[in-house]
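Have a look at this one.
For reference, chains read A, B, C and D in written order, and residue numbers begin at 1 within each chain.
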Amino acid sequence: MLMKYSFRNDYSEFAHPGILTALSEIGDTQFEGYGLDEYCALSAELIRNKINAHSADVHFLSGGTQANLVVISSALRPHEAVIAPGSGHIYMHETGAIEATGHKVCTREGYDGKLSVDDIKSVVDEHSDEHMVKPRLVYLSLSTECGTVYTNDELSAISKYCRDNALYLYIDGARLGAAINSPACDLTYADVAVLSDAFFIGGTKNGALFGEAIVITNETLKKDFRFYLKLRGALLAKSAVIGLQFRELFTDGLYDDLALRSNSMARKLADGIRSLGYNFLFPVETNIIIPVFPDSIAQALHRLYGFYDWQKIGDKTAVRLLTSWATPESIIYDFIADLFDLT
Amino acid sequence: MLMKYSFRNDYSEFAHPGILTALSEIGDTQFEGYGLDEYCALSAELIRNKINAHSADVHFLSGGTQANLVVISSALRPHEAVIAPGSGHIYMHETGAIEATGHKVCTREGYDGKLSVDDIKSVVDEHSDEHMVKPRLVYLSLSTECGTVYTNDELSAISKYCRDNALYLYIDGARLGAAINSPACDLTYADVAVLSDAFFIGGTKNGALFGEAIVITNETLKKDFRFYLKLRGALLAKSAVIGLQFRELFTDGLYDDLALRSNSMARKLADGIRSLGYNFLFPVETNIIIPVFPDSIAQALHRLYGFYDWQKIGDKTAVRLLTSWATPESIIYDFIADLFDLT
Amino acid sequence: MLMKYSFRNDYSEFAHPGILTALSEIGDTQFEGYGLDEYCALSAELIRNKINAHSADVHFLSGGTQANLVVISSALRPHEAVIAPGSGHIYMHETGAIEATGHKVCTREGYDGKLSVDDIKSVVDEHSDEHMVKPRLVYLSLSTECGTVYTNDELSAISKYCRDNALYLYIDGARLGAAINSPACDLTYADVAVLSDAFFIGGTKNGALFGEAIVITNETLKKDFRFYLKLRGALLAKSAVIGLQFRELFTDGLYDDLALRSNSMARKLADGIRSLGYNFLFPVETNIIIPVFPDSIAQALHRLYGFYDWQKIGDKTAVRLLTSWATPESIIYDFIADLFDLT
Amino acid sequence: MLMKYSFRNDYSEFAHPGILTALSEIGDTQFEGYGLDEYCALSAELIRNKINAHSADVHFLSGGTQANLVVISSALRPHEAVIAPGSGHIYMHETGAIEATGHKVCTREGYDGKLSVDDIKSVVDEHSDEHMVKPRLVYLSLSTECGTVYTNDELSAISKYCRDNALYLYIDGARLGAAINSPACDLTYADVAVLSDAFFIGGTKNGALFGEAIVITNETLKKDFRFYLKLRGALLAKSAVIGLQFRELFTDGLYDDLALRSNSMARKLADGIRSLGYNFLFPVETNIIIPVFPDSIAQALHRLYGFYDWQKIGDKTAVRLLTSWATPESIIYDFIADLFDLT
């Protein structure tokens, strides 16, 4: 029997139809290479307006790991290090991409996939002299790998600590849309721009064919950034293709609409699962939910749906389910019905 | 007055219409992430058939600089170095991307953008002990940055020398289509696969929206290659988007058709320029031509067309003109007519 | 009042007199540069005999951090990582030197500064695919940063696990003499050579003016090692100066004599401290001891002796005391007497 | 028959007797680790006085390649590159140590082992945009690998160009003593300090057991330099051993005396060779001389003396002869006599 649906990722479909249509309509007009074209210029302006940061630099590139490694390796001197939660994407799931550029990632376990000011402070306090790396940049994901979000209070406190302690604050926004459009998150895009030094707005996981937009508000980090993109192989000849996609995403609110729909599907799915008596490992806040099922039920579900196991807990298994802008509502009800039958 | 046309690059248009159509037709089918999807699998097979290398590994990624740095940094130990022509893309126009992964690029001037066996041998002979890097990989472009191609004899001689001297041979095929489809080139794709250890087939510069296909025939270089892609930020979540494009390019001969058309436009342009009494810096063999004009004419042309100056030679300027699959034939005649008027 | 004595390090004195005498007696004889001299050759042979590994390669270089980074960066491919205890010197006190060569260090807390097979296995099991680094080398210190040693059983189990799982085993022997000459350690130098792939024998912390001897028994790791030394700036022109010192250390058992004396002073010191009712954070096994004192006593001792605080534990402080080959026995009694007065 | 004498290097002897005596007299006094001791402090002060740069930072480390790679990798951002003569030590004879830290070395052939302002300018002018590295540091050797020196006019012009163009000027002073004490060189140590941003004073090649002193006058380059030393494995626990040696070298003019004697032996040797009718490849200015002999004579001399061939020129061979502070004058006359016999 074939798998009914995959909840493995939010990037399992090509792209939102509007984006594909826009690409098709371009024809063979010529454009400048390497991000110096009109589409990138326009999308950068749309983004600056959206985030209310009119002097921000915006760069387009192809993927999230690339965005993380370019920004971080550009911001740091050789002896400087990153502070990240142990669950952070750069620490666990990027094959040592940051270390490959020469920098240590110092971690704390954090809570719900998040770092607290105390976590950050404990790393800073531990690193006291030249026999240890010098922490210089805090890496956060918004939303996190656990599907959770930072509140304005939480992020503001981190931002203040960073500024008081000469730390850059960089935010991995692969799922920034899901975060900003979460009812649990009282942050706006403008807040994120004000509180951080750089972040990226993820297209790949929110309806684009591919592509991310790096936003830099810190003047020091802006300098020579196109060199850094090029030397890491991240300056695409046809950046215009990404620029055009972000034009679509940031015109008429498409980016938020897609994230809202994705979150909404996750919430319906979570409500159904909870109504059948199951709990979740982390608060349900965005389009990643991590319910805990008895092993037998998790295994039975694996025969019907695609998803990854997150963690074994005694005779139970926490599993990770992702929805996307494209998840059909009917599939949500199928899943809940199947779970009801198995329960 | 606006510029009539840009001869700056062969990647100034989005993509061939067939590719855009194929992308549009996908709908919201789900596919596996990170190149494990059916499109990548199918395109890899199409490529293996095309190059007659049935056990080759094929990987898709987003750009040429990225392809170069991933392959080269994966092939070398820390003390090992690359041999390249001084005009090689990795040496001059990738912002030190190879050095940024820790490796020296040793150059010889070569001829017509190409390396000879003697050039390679002179680098090898010069590096005799542990106070010097150990040359380990020869980097060639096919076609070259000068628009020229290697003949089968030339490439075979280099390949033999490399194998006799424990050097990998890696070919930058950003414009492989233009090379193979050049009348000056008696190499087939299969020859390239047999003679080299790894190469890439460029999509970006031959009609794709973006994307390149790395082909690895050497068993040692195959090992753990997906780790290398990931750690350099080159393993795209939506690799399927590239896979699909290569399906289009390698079905019904589209890849060759586009290259042939591009070469054909360049040849017509070169014939016209030559008929007006101008010479070329290098043999006209593919879609890059480098005529030499008096400064005044070069300057006048700059007011009408987009192109880059290549080199000042006394009171003359060698300029680089590129055609693409999309260059209208009418523009070729416009250029020749304008040049005639200026002459 | 001046400090009576420093227990901060075991490298606070220049060198054992025999070594200085040997250096003085050389005169202006000429020798070959870069470790190709007769002293290095002789000392390598003395070491090979001592460790009963007659085909081992031996290289001399100036310091421990350098030894660690040269060996580790030479052994690993770009995506490969190190497994180390969280207290390991490379992780905590080398300013990210390993990461600066591009490699992640994966840690487990371990016990008494040591890793167990289960610790190592848990790292290996966690790293399952190309989105994560590939653990490839286990780093241990012998003796550890906590002053403890591995038993033959412990190290043999680790060695077996490593060989069964394609992991290199590399041992930081900055204090190898102290370990081998510890009553708690039933390992011989020959055991260490047999069980590991590479290790270094520390001179700096056991009576040399400076210098360490890297021993490589694994054939793969031997290859091109002098290139690696050179490219990291570790191939000293006057390596002969280190070679000569190791001739002294490994003639007539000086290396062991110095370590035994150092351990013996530590044991006397520990016995005295224990007799006054204090406990230790870790077993007392070599020349590093970490007693726990009430804060007030620790502070009072700081006014008399040099040492570092290790850890705050409630209203107590664990402090680290090191002895060396040169520590006068009288100072041990002074310390105990002072502690008695303070108690 | 045994070789009479080696002219291969100026580091073939252990150390000047005064230095060995000083080391022997230390006894077992305790000192601080990692360069925080009184010897390093005193020698730094002696050097600051000698170079008349009272706010310079001085750091001691073990070798020249290490000094070069630590300074250069610390000064540059990832996309920045070095400008060096093609004969520069970092380019030819350090196994890619600079590239291993991620940076390209851009070369010009120069003249007599030296770079001119025009050479430097031509590299800067060539690098115009983000597709190329950004030249940021000029590397010179003083004296050069060819035995030549820069005059005050030459170095001042380079220094001015560097400051006008935001380039750091870094000088490899492995043989700085030989340069400053050359009759062809009108530079003082103070001039070197004023004209450059950082340089090192070589001990290894001028009588020390080992060790170099890095001098940093540029405020930006001073920052966090001890971190950089540590992360490259260059912060020796027993830096005091180097500090003490520099105390000897910079007390009572020993450093200059040794360099003068070395130069003087080279000049006598050169005068003798010239008197027999032979020419030199470069001006004879310091303790490296490169005479050109017929092949047969070069080969005959190889049977008597140790030296390296520099270059084949038709049926002649240019050979490199080095003298040191320890070269006996009698050996000079032996060589000339032997050459006379062979001529």
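For this structure, a couple of remarks:
By definition in this document, a residue touches a chain if its C-beta (ideal position, glycine included) is under 8 Å from a C-beta of that chain, and two chains touch if they have at least 3 such contacts.
Keep in mind that this is a model prediction, so the values were computed, not measured.
Ranked by how far their CA centres sit from the centre of subunit D, the chains are topped by A.
Of the two chain pairs shown, A-C and A-B, the one joined by more C-beta contacts is A-B.
Rounded to whole angstrom units, the spacing between the C-alpha centres of subunit A and subunit C is 42.
Centroid to centroid, with C-alpha atoms defining each point, subunit B and subunit C lie 51 Å apart. Centre to centre, using the average C-alpha position, subunit A and subunit B are separated by 33 Å.
Residue numbers of subunit C whose C-beta contacts span two or more other chains: 78-79, 94-96, 100-102, 130-131, 133, 227, 230-231, 235. Of all the residues in subunit D, the ones that touch subunit A in their complex are 34, 73-74, 77-79, 101-102, 130-131, 133-134, 224, 226-231, 235. Residues 5-6, 8-9, 11-15, 20-21, 23-24, 26-33, 62-70, 94-97, 100, 204-205, 209-210, 227, 230-238, 240-241, 244, 326 of subunit C are the ones that touch subunit D when the two sit in their complex. Residues of subunit B touching subunit D in their complex: 78-79, 81, 92-96, 99-105, 130-133.
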